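Both complexes shown next keep chain A, but they swap its partner, so chain B is in the first and chain C is in the second.
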Partner chain A sequence: MTDFAIDRRDLLLNGVASVAILALGGLAPAMAQAGPDTLENYKPVYFDAAEWAFVMAATDRLIPADGEGPGALATLVPRFIDRQLAGDFGKASRWYMQGPHDPDASPLFGFQLAQTPAEIYRIAIPEVDAHCRTTYGETFAALSDADKDAVLHDLETGEVDLKTVPAADFFAMLLANTKEGYFADPRYGGNHGMQAWTYIGFPGARASFREWVGQQNTPYPLGPVSIGGERA
Partner chain B sequence: MARTQKKVDAVIVGLGWVGSVMAMELTAAGLDVVALERGPDRKTVPTFAYPKIADELRYAVRYELMQRPADSTVTIRHNTGQTALPYRRLGSFLPGTGVGGAGAHWNGLLWRPNAEELRLKSYIDERFGADIIPDDMTIQDFGVDYDELEPYFDRFEKIVGVSGKAGNLNGAIMDGGNPFEAPRASEYPMPPLEQTYDAVLFAEAARNLGYHPFPKPAANASQVYTNPYGMQLGPCNYCGFCERFGCLNYSKSSPQTCVLDALYQRQNFEYRTNATVLKVELAPDGKTATGVTYADAKGEEVFQPADLVILAAFQLNNVHLMLLSGIGPPYDPATGAGAVGRNYAYQMTGATSLFFKNIDFNPFVGAGANGVAFADLALSQMDFAKNGFIGGGYQSSQQTNGQPIHHLPLPDGTPAWGAGWKKAVGEHYGHSMDIVLQSTNMPYRDAYLDLDPTYRDPFGRPLLRMTFDWRPNELKQAQFFKEKAAEFGREMGADASSSFYPDGHYDTRVYQSTHTVGGAIMGTDRQTSAINRYLQSWDVHNVFAPGANAFPQNFEYNPTGMIGALTLWAARAIREDYLANPRPLM
Partner chain C sequence: MRLQILITALALTAGSAFAADETETGEYIAQLGDCAACHTAPGGAPFAGGLAIASPFGDIYTTNITPDPQYGIGDYTLEEFDRAVRRGVRKDGANLYPAMPYTSYAKVSDADMAALYAYFMKAVAPVHKPAPASDLRFPFNIRFGMEGWDIVNRPEVGFTPPYDDAQLNRGAYIVEGLGHCGACHSPRNLMQAQEGYTAASDRFLTGGTLGVWPVPDLRGPESAPQKWSDAELVEYLTTGRNAYTAATGEMALVVERSMQHATEADMDAIVAYLKHIGLPAAGSDKAAATGAGRSDDTTAMLTAAKPDMPEGARLYLDNCGACHTVSGQGAPRVFPNLVGNSLVLSDNPGGFIEVILKGAMMPSTRRAPAALAMPGFGDRLSDDDVAALASFIRSAWTNDADKIEAETVKKIRGQL
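Let's look at the complex of A and B:
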């Protein structure tokens, strides 16, 4: 991505929305049309302000803007996570949630927590922020990139003790949801403008490749389409 | 009090491959048949229609078409000393629900087992001596031989419509097919699928390494085809949304594309959806079933009387229903007594991804059963004494779904997040190919299924409990094949690789296969099997239980070819023998 993306990210993280700047060059046509589709304009349906600040800051480190390819913020991953938590996924409506629960079970037995994903985010985020205040004197969102990365690493390896939910379980869920939001069809609110698909060369919902089977070592020439009919 | 429905000749529990094919066979014999399916109705249109179906998150990640653990699941533990925990969220295996069952969202690899695998105990005794089998390894013969089943494999392949190349046609070894397969009476119904580039490279490397590669038998149509039921398939378009999805193109063989519309035309067939069978009801003497009790969509209990009960609810559910209904004595691992629950087994799988900077594989161009395999290391070709494990497997290329959320292989050592991860997905997506392993899993005295003492389903019934872990025999086997895959990497000059092969305890989180088998196994001795060689309960003679539950151990190939053949074999026994004189057939 261009420097533009980095500027834009700073704006987003600092909460300074500027539609004028966003309308400048560098946007795919699908994105430009979707003018109001920005994180600044988005009102979270599940997260409160502090949670939203954490999720914005954390996903921005999990898939950062720098280097080739879009970051989590440019692809509106936080919006995806917010909507997922407000829906069936957040409620664990498909999962078996009856007790007794054994949160100390070996990870090999998979998800064993008593809380739904929506509850896990709600409990874990203030606990992560509390940890950050104790250790660094600021909430997660206010830390430097290096300190954010250190905190995420400590969550990942379980070195932080979150009291209510195992840190590594929360991290694993956050990371999985972030990647889902990056690569899922845009209908779910992330992968904005199909930028993540364009970046890696996945043609999205095209789903018809009969004549490409025998084409050996030839890059597929077309960009992605989405379920909703967007093209990029 | 349960409401009672009009009595029918046969009630079928579940409408997947087994239920739908059994319904065709029994209605053809003139029986009035009702199928009860716990899940929703599903038809190609609207359920699998484009573009809605091309949705990785919904179908491949959130498992829209699969069993919801909230409604039905199992508990799992590694050994009898542990407290089993619920399989709360799907991972290692993905049981189906709804009309078509897992047959709607499978890949479509349609194999036959090796002849040796159906009489494994006898084969090992003859070839290596009984002493080579460890004490706790409870290998058995199926009780039916390959030659007896051949006509049923053949017919099931014609119903399903398989694209492939015979390797052994009536004893003559054919170029381009699997030279190690057991003799088949006819060619595959369709020629093999055209292969993607990864398969071309894999086949070349396999030949260089001295193996005999052949196209995998695919229930994805390579051309137009009409099956014996008059159902039509059109050629697969390699849509890349096959495994975990229903086919948008009438190309993947499924109950929907191969059976159901023919079945629905029969006046003596009826099916009810959202009908969860809770229990098989037995006559006071316990020797016959009187029908089944199910919960309808409103949760009300309904009794469906029937002269014949077919359990076609999938391996795990068949065993669960038998245990809940008291059909046969439950297995006790401490004494070895009782047969229901005995010999649960799984499939040892693994995968190696090879990375090539300069090759574009277009991984989104994929069919469910696309790829090339070799069977030089099949169980029938292995020297167990030399290898130090009892087992075998096949390895193959497989380009089925290049969907980036759940299938984006990255080289070992790649960071899981951050700038390094993002750079890696950009560099490696589209530049890797997979070599997958499917291999045998032997049964063990304390790998079994029973009822959980603690956890219950929404109907208040105890969950099925699975006690299972990998044993040294299988772990050694996995490492053996991992090394074979690494040889491919060297032969092909891969830039990097990554792999997953179980090397410790069973991990319930990682998808490995839905090839759960055993628990209500077939055999010729009622002490050591729950159903006889005709898939009939030894104890309740009007209950038949076709499915992977019948396998005494797992062979290396995907199960459905065998499941289909056993269904037709059981149907023949019912039609030609049982109906005229209902009784224990053995």
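Let's look at the complex of A and C:
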């Protein structure tokens, strides 16, 4: 399977770069929205209404609210994906995108699709919805949880035949981006309130814990801190 | 080659300049005199001027000193050049503002002046562009007024070796004269004149202020030249870093553009001189180490990382601890030691607060090319945060300096 994860190095580099830019220019993070930080108040910058409904519904099933930790919606994962697709990741700015594109190539050869991640979401979502209408009579977002899970499962195993992109590749990208939105620094739009970090006990961007190497069998007492300096 | 180095060294030691290549000697004199610090604007052509120097009376723009005849000093004779550098009088007879350290350059030898002139005339590229005019408030915009200032404050031209030791004399010649260290490191009187131009004055090199920055005392018992070893001083002056601290702000530029170029003999002379002029008690620096044992208390508190620790300590762990460590001591040559640090503990906290807000960068030199930098925290810390954090650091470990108010932080943030 092709690895669609947003490169960790890119994420870190971008993080460092944006910290530097903020330090230089004193710019506010791109958080312009009215009212509290909720998905209801958020205006997607990349997705249209139908795509947004799909991403909300799909991420909600991949990391549901009734699991052990916070769900994808409570942590604003859809906002993370929307912003990433509007940015360099969505445009594959730093990927080699010329041919040959060989879907049967070993994963060692890297990304093999001709479309950028933003294009893949744009193409795949209507095709998934078309499949759902044919099979269940409704778009994905309108299905029952059980039916949604069945569709996602069929995408993952490639049992659904999407016309333009391999279903399994689209599913892999969606799942990877959902995890990233869950665990990335809140600066990128997801992991709202550092809930995912708090849930797994990750202390965040405090950067060094050398003095804890020798403190065995002592739980680390502090909650996480984000790149922006917020605490949770 | 070896012969030339020998001759140059002899010539420099003797203070005369029959060096093989006069312009080369002149370039070295320009480096020791750090002409570029003011006469080369950031990103501008070398020596084309245009750097704004803020003074209490308005902005003074440095001039174009390239050999362009119209906008530079191309039509200056050696005598006219000499009068500007050592007396502060322009070709047309107008007085220069004492932002130009002619009061220090007065000590430069005739031979070095000739070499400097040769360098500017023959080796510097002319820049056919005017530097902006200075913008001083009345009555300071009347250059004629400088006449009176000069009569009262300007030392005589010439250097009388004060010591029986050639190395100390060479050190005095550089530090008091060419290097014009006193321009920043000496206090200024009500007329904005430097207090003392030689070590004979107890005020000379006892610290001052530059914008919001405190400039450290170089003579008191707690001052760096008196506490550090010769090798540590040399390392600081030539690489901008040592086991305790790192040069930042103006001093980083002094290291990068001037001090790193000093010959080994000259650097040793500078250090010998600075060591020699120590005073029993002087200067504006805060004495560091007090309250033995408290050092361990702070380190233990930060190591335990209990959520109920004071806000300043929590901010330190969240923002600073990764590099400066729970002991505050950082790492030699990489992360400055915050314990007993003169910038941290100064009565004037401006420089310390500016570094927290804006970050800092070490100079890049031949011996230490890495311009290691600290990021600014102005975007993630509020004025209250910075005040709590700075107050904590100034009282943590064995540090013992006054609290910082949010109002002070706000003022400095406004000036950035």
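For the reader, a short list of remarks on this structure follows.
Rule of thumb we're sticking to: the second predicted complex is superposed on the first by the 190 of 232 C-alpha atoms of A that agree within 3 Å, B and C clash if a C-alpha of one lies under 4 Å from a C-alpha of the other, contacts with A are read in each partner's own complex, and residues count from 1 in each chain.
Quick note on the criterion: a residue touches a chain if its C-beta (ideal position, glycine included) is under 8 Å from a C-beta of that chain, and two chains touch if they have at least 3 such contacts.
Just so it is clear, the model here is predicted, and its values are computed rather than measured.
Using the contact criterion defined above for the overlaid structures, shared-chain residue A:220 touches chain B and also reaches chain C.
Touch criterion not met for A:45: it reaches neither chain B nor chain C. In the superposed pair of complexes, A:97 makes contact with chain B only, with no contact to chain C.
When the two structures are aligned on the shared chain, A:180 is found in touch with chain B, with no touch to chain C.
By the document's definition of touching, both partners, chain B and chain C, reach A:210. After overlaying the two complexes on the shared chain, residue contacts for A:200 are found with chain B alone; chain C is out of touch.
Touched residues of chain A were counted for both chain B and chain C, and B has more of them.
In the superposition on chain A, the residues of chain A contacted by chain B and by chain C overlap at 206-208, 210, 215, 220, 229. Note for the complex: chain A touches chain B at residues 61-64, 66-69, 71, 88-89, 92-98, 100, 102, 105-112, 149, 152, 156, 175, 178-180, 183-185, 187-188, 196-197, 199-210, 212-220, 227, 229. Residue ranges on chain A touching chain C, taken from their complex, read 19-20, 22-23, 26, 206-208, 210-211, 215, 220-223, 225, 228-229, 231. By the touch criterion given at the top, residues 302-307, 317-319, 321-323, 325-326, 358-359, 375-381 of chain C touch chain A in their complex. Looking at the complex, you find that chain B touches chain A at residues 50-57, 61-63, 68-70, 73, 76, 78, 83, 85-89, 91, 194-197, 200, 235-241, 248, 359-360, 362, 364-365, 402-405, 408, 416-419, 421-423, 425-426, 429-430, 454-456, 505-509.
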